[in-house]
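Both complexes below contain subunit A, partnered by subunit B and then by subunit C.
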Partner chain A sequence: MAFNLTRRKFLQSASLAAVALPLSKVIASETGVTRSPLEPAGSFKDETVVGGVCEMCFWRCQLVGKKRNDRLVKLEGNPKSIDNGTSICARGNAGIQLLYDPDRLKFPLKNVGERGKPKWKKISWKEALDECGSKLKKVNETYGPQGICMFPHGSTAKYPMHFFERTVGTHNVSEASFFQCRGIRDTAYLATIGMAPGENVDMPNAKAILVLGGHFGENIHISHIKRYVKGLQNGAKFIVVDPRYSASAAKSDIWVKIKPGTDTAFLLAIMNYLVTTKKYDADFIDEYGDGFEEFTKAIQGWSLERAAKECDIPAAQIKEVAIMLAENAPNVSIHPGRHVSWYGNDFQRQRALACLTGLLGAYFVKGGWVPAKGPKVGKISWAKQEHEAAHNLNMNEDEEMRYPFTPPGTPTELIRDTALSGKPYPIKGCVIWGQNPIQTIPGQQKMKDVLKQMDFVMCVDVMPTDVTMWADILLPEVSYLERYDLIKTGTQWDFSEKQQQYIAPRMPLMAPMFERKDQVYITNEIAKRMGYEKDIPVKTIEEMVEKNLAVAGLSLAQVRAEGGIHIQAGKNPYQMPEDFEVLFFNEDIADVGFPGAPTYIPVKDSPAGFARLIYGRVPVHTFNRTQNNVWLNNAMPSNPVWLNDELATKMGLKDGDVVGFINQDGFKSRTTTTVKTTPGIRKDVVYMGHGYGTANPLMSVAVDAGVDDTSLMTKITLDPETGAHGMRNNFVKFIKDGNIIDIPTSA
Partner chain B sequence: MQNPSITDHVSTLYRFCAQSMRYPEPEWFTEDYRANLYALLETLGGDKELNDLKNAFGSSKDALEDIQVEHTRLFINGFPHVAAPPYASVYLEKTIKGKFSDKIVAFYHSLGYTMTADSDLPDSLVHQLEFLSFLAEDKNQKAEEEFLEKFFLPWFSIFSVRVKGEVQHPFYHVIISIIDFFTKEEEEYGVQLNEA
Partner chain C sequence: MQYGMIIDLERCVGCHACTIACKAEWEVPVEFHRNWVYRIGPSLVEKEMASTYYPGLCNHCNDPVCVPECPADLEEVTFTDIKTGKTKTMEIAATWKDPFNGTVQIDKDRCLGCGACVDACPYEARYINPDLVDDVSEDGKADKCTYCMPRVEAGLQPACVQTCITGARIFGDLDDPKSEVAQYVKNGAKGIEPDGGELGPNSRYYGKKKDISLLFSTHTPELADLGHVRRRAMLASMVKPAVKKARSIGLMGIAGALIAKSITDSDSSKE
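This part shows the complex of A and B:
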């Protein structure tokens, strides 16, 4: 555009006054800049703010923030921390970039276009909350509370989840952390030792450590890594079971290059060997074991040779592992893992891990499975209420549970299938809070179809993740650096040191920018509009934290004065609970038609020309949540696919070649990545970092960077005991320059 | 009251530009506002732009919502992507509220200005234009020139190209062009506020 005047001529013309005078009448008087007393130049106001609790991943290291004027310039580990100490990881450091990411959600948005192809319009909070409240109320009145489903994730989602689950009364809540991650582990251990295991292995004091699939160093959680490294420093023998030569495998004494999906067979053979050679802890089993005879009978067919054939590893290596564990028992860390939703036979594998720990007598002993005895704080939330089980999708017509060992909530597929079929009832309202179901749940098209048929979809998030494209209303949430929130509790990470406990409430390091709000405000306002005002448990998030702290005799002011973390005397973690027992054979499991002793269930092999797609963490990302972070993107912008080097040669591929994928159902990846050839991976699998390949262009840094592995999971597998997903049962071929390349996996 | 001076008029023009870059609300995006915008374009000889605007608003069922959607898309969280966040730090440091933002605040403070409690970020286009309007009102030509050179033009030039390349509605093309018109020449000729 070019005007017919220059500025100078315009300013000199008589027209200036004629135009400018009327303009002054249509200008509002308020401005964001205002006159104030003069301040001398160069007077920076530097300060250290305490009370940060990281949420770049779920580990939640304690932080301090370095501020200059009103800008957070650096994050560091809190020197008072007995957990992470002054250390934080790359992601923790990069929290600054999340805080100031230009792509972050800033204002409430209304979709005036279509779901999936949104056209956003900024609206006021009042309009947004009115819309959410009235639409969800209508769904509730029309279809009942079961007509609302929720996909929550993270610490901010607990409060709204409890509102919808407890107060409104829907069972249809599916947390990714359970159904696509650790739920199977938790319920398998509950069914064996009565407790969810966490990652509670005393690695610093172990003589041997067994890790199945875990790749420490590629997944980094500071105090967990400290435990692991200290254990290795102290000379622990280290066994890593993984189809891939992971960062952990590189530090191992034994790398078991196992065939994917056969881990349970491997564990059964070890246990059978320990039993038949009497290398197990008989005293421990006498005292704490239950169902041991049925157990030994059930696993007796698992010779070393049979497992070796099934797992495609040498029998001698299985024996070597068994002996190494037995020789170091009971000071052995059998790591329970975390993300365990692998093959759809996972409950049995996790049971096997829990039983192996028992066989070695490795509960509540130095180096074994030892839960920390942390301090108690309050857990104020929406009051629990009785809701009829009639609409619980996990109950069948005979009032039996379809998935008896389900984690809390309702298995994701039951919700999705019901939403799509309308049977036994319609699900027409969807609340997505901090979760990105498009990239966490296999079957992306199914998820999109579920969202399409809803009467109303609302999302609350920090970033415009892929699922937010499907929202009718999109609400911007404050980040972990801008809010009060959960209270992180725990103990010192090395149990051989003085026993201490800590209490660290999350406190804001910065005031929120733009119009971002916290979960208590948003939930309460929606609750008011849905008619549940009388049930609101707290008015503000700060009040919630204060009340939870009061249970421990603390206040925010006191903890802040103590540097953001309260430290107190701890308790001996090794003391065995009086009623502790290990159910080697669990009759309750058998009574509902599943194997009462850990049992191997084979999974399908790769079809000819395909390799199994497996995935994992990379050290500088927490899946999709950190993909748009400019620092982290710079550190690892894509997710190269690991391919066995001999196969690569046969396929005519080399390092750096750009490839896409086609899976067993003919689904092609939308984007491409590069090839990483290595001898450090089996020939029947390919591997990539999880969470890449964002589709939402609003994530301007992450969009189309790497390949979205979840998009290639079109075959949906379920773990029969829990209803959680198996996510490693899809197979791929490569595409290069438009040509499909078979993977000669049998070569 | 004295007759307004040229600098007062320049101040008004900056404020009008700042106002135009705020999120469109019915309180200010009125018939009066549009009439004044049309008059300004007529004076500047922007006939084509005037026609484009009149056509766009004239054919719209909801002119306000049209530019609300356009504003959201261009400057907040747009689809397919946010075209041009209106903050200097984004262009110079690839972040919101970068060091550049601190420097701008320091400059505001050094001349006796600060941000109000409910303001947007200090390096936002709206507040930079507001600040320029105050400098014009103060007849502080030296500071205006320095601010434009150091804090405004280095990023606005990138921003304006992005906006013009992404606009779907003529309104923001016109507004950015007007801001360009009132600021860009300073780069070449320096500020000349006196009539002599």
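This part shows the complex of A and C:
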């Protein structure tokens, strides 16, 4: 483990500064005890640098830095923020350790070994860019733009993604945030209310909150958590549906210990109960509803008893939830979720959530689903162009969409299957930017095979994540603390307060170190070498931000002078848009062959001896991205597997036992973790934190810490409407001391 | 005045922001902590499922067991109440309870690094910080939460309180009945008293009955075996004269450097 600044080393460099203080100043005013020069000074006297926007996760809290000489020593929430305020989470606080992580990528690297078993050679930027430019140019000329695929993630990946998608013209872009996370939610709500829902529930002002699978506390997004806790403090009833007694369940009034995969049945029974007992908001539906009759017919078979059997929960509990929601309607937050790529039946579940919100009249009302009305800024990027549908893998021979409700981009499996089969065309160039598709996408071996068959693979990242082992050229990017970048906008989080908007462009808190470069530089240099110089939209990242700010009548200098955040008057968020409607039955969905009313599609039960593997977040990590951070690693160094305590007794396992896993396809986990026994989990599932089990030895802190849950997902499931992944359809047994232990799930 | 910290477990979501902010503010070595968050459960509490957190830190006890165990020589120190100007002179070893603000502090210069206070604390709130090395101790010095007194003196909140994302940590004067912390105590916030102890911990917990019950049933510590602690401290004080001698030479060294530096830099009063 490498600690970048020990107290001792710090003292060596700081001792001269310390002795420069007059003796009298070293006396603590209150105690009369001379404060030892050994005592750390604390960051609060250091210079404050404004304009930081966090990206330890993607919520993007606003920061200030504390700077001592040339060194950032601490990050804090920007006191001017109306979003996170002075708060930042564990990851935000640990940003310092990412900034100075000795394992960070520093120089352009060329793989002179083989993909997957790299040997790195430090090369110049010129050589690296020439190589990327010429190799991608060759792929483009030989196979067409569709021969290039891209796996982007994060704010720096937008600009290069637009280059490859719009200017070069490939459809083959797969964003993890859509196809392995929230894309299903977005398109399901689009197909119901015409808008992607975000997590826009007005929880502070809700009388009841319903959460399906979300586990706030284990999953941390600050202003969202502030909304949630304020809602609970204001007395909202809280219902949590989860096979596990999650951090959220621990604060709930009702914990629905649901059988995994059956959530839609639960929602349909609630809705059917509300309809048959006339506890729904008939006025709202008259005004804004569409297809309500077909909808009620389609769900009428869902009695409480039928759902109770399917979901393995008491019918009385479903009724209790339904009544609690109805009694508090319309001030009810039906949470749309965030990561919803669960079982391959997810589009229908997300539709059901959107319809339930409508039944309760809970759109654009206090406590309901209410999107913030934020300010407008520019979105300068590569110019949009029309590209023919011919190479769109999501179009079949009859020019019909294979996955009609796909999020933007091309479903990941279409790209991977095409790359492996070469049909209908070869995919031979791969650009990976900020994403770690090895630990993001089910089917790890398939991903590796896809990368193996490429003519050229390039990665741009901050850290040497597992996927970077498969790169030919690996480029070091500046971190979010060292660059201009996106403009974070939003409003205050509690709509009961004065309506305000904020505009916070990301500004560097310090200069880049080593040879790291930003996304505009890297993309433009590759674009020049690929023959697209004339299309370059901005010369520098700073120019991009200035132009985007100008749309709001602002400049970087002005925002900096205002403390890093511009605040202006906001708008009433509860104002219902004129054309708002809720499509309870959506004919467009029916027309393309899927159920037009929300429909429950059962998933396969676990085979005998196996338990379903479910996973989630831990509060100190953002997937795999933060795993090498010494502070965060120290806070949660592994991902213990939750096992029902009664099963554990039967299996002869106890807390702390070291186990590995074997899944239904015989795949064995590379590493091990420990057992956590608890009554707070169903017997048909085991649970672990996601993102652990890094394989790349260059991540010296993270390597082999915990088990990589994604590696155990060898069975690939797709959500038929969207083409996004279902990631909770794999099953595991334990391995202890080399022996395979069945999980007696039916016990 | 008695500073205290309330942890409101109804608000706490177990995010660890407090622990990492503290590490950053006070350069705490990676493997040690001045505060911590342990997740407890899910477990059954009287047939009801419960899960909560133990966000712990120094309790700045009314009657701290750590303070009397310090074997360092007593020294007469005058304390001043900033508000009233009142002074109090008392003899203290290298760790003491402040007579005015009620916090428990450590003099890093005089600490011998023997670890007696670390062993005496039933909460494991103290550790030997190996980075704090001088002529007195090459093995490091005792370290712990100070309730961020240097920040508080500068008019700021403790680092953990400032960063807390839900307002679950509340800092203030428990002796002031109008303070928020005193209100919490009135509403039942209580400290974790070790089995058979009467230390009067001033970091106090508030929450749902089942959560408080889970926290106290799983994390009520035993008092340390002070006989063991004292044997160790005695050993440390036996070698102390030699150490002390070395220390005064060391101090001369530092003082000499300070004087020399202040002469050469007499105009640079830059902080």
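What to note about this one:
Assume the second predicted complex is superposed on the first by the 701 of 747 C-alpha atoms of A that agree within 3 Å, B and C clash if a C-alpha of one lies under 4 Å from a C-alpha of the other, contacts with A are read in each partner's own complex, and residues count from 1 in each chain.
The rule we apply is simple: a contact is a pair of C-beta atoms (placed from the backbone, for glycine too) under 8 Å apart; a residue touches a chain by one contact, two chains touch by 3 or more.
Note that this is a predicted model, so its numbers are computed, not measured.
Of the two partner chains, subunit C is the only one touched by A:N634; subunit B is not. With both structures placed on the common chain, the touch criterion links A:K498 to neither subunit B nor subunit C. When both complexes are overlaid on chain A, the residue A:K278 reaches neither subunit B nor subunit C. Looking at the shared chain after the overlay, A:W120 reaches subunit B, while subunit C stays out of its contact range. By the touch criterion defined above, A:T34 lies against subunit B and subunit C together after alignment on the C-alpha atoms of chain A. By the touch criterion stated above, A:K423 is placed in contact with neither subunit B nor subunit C.
Of the two partner chains placed by superposition, A:K534 touches none, neither subunit B nor subunit C. With the contact threshold set out at the top, residues 1, 3, 5-8, 10-11, 16, 19-23, 25, 28, 30-34, 36-42, 44, 630 of subunit A are in contact with subunit B in one structure and with subunit C in the other. The part of subunit A that touches subunit B in the complex is made up of residues 1, 3-8, 10-12, 15-28, 30-42, 44, 68-71, 97, 99-107, 109, 112-113, 117-122, 464, 469, 474, 513-514, 630, 697-698, 700, 703. Only residues 1, 3, 5-8, 10-11, 16, 19-23, 25, 28-34, 36-45, 73-77, 84, 86-94, 96, 216-218, 220, 222, 225-226, 229, 232-233, 245, 247, 249-251, 255, 619-620, 630-632, 634-636, 678-681 of subunit A touch subunit C when the two sit together in their complex.
Listing the residues of subunit C that touch subunit A in their complex gives 10-11, 13-17, 19-21, 23-27, 29-31, 41-44, 49-52, 77-82, 92, 98, 100-101, 105, 107-109, 129, 131-134, 141, 148-151, 153-154, 156, 159, 162-167, 211, 254, 257-258, 261-262, 265, 268-271.
Contact residues on subunit B toward subunit A in their complex (touch as defined above): 4, 6, 8-10, 12-13, 15-16, 18-19, 23, 27-28, 30, 32-33, 36, 39-40, 43-46, 48-49, 65, 68-69, 71-73, 76-82, 85, 87, 89-90, 94-99, 101-102, 105-106, 108-116, 118-121, 124, 126-127, 130-131, 133-134, 173-174, 177, 181-182, 184-185, 189, 192-193, 195.
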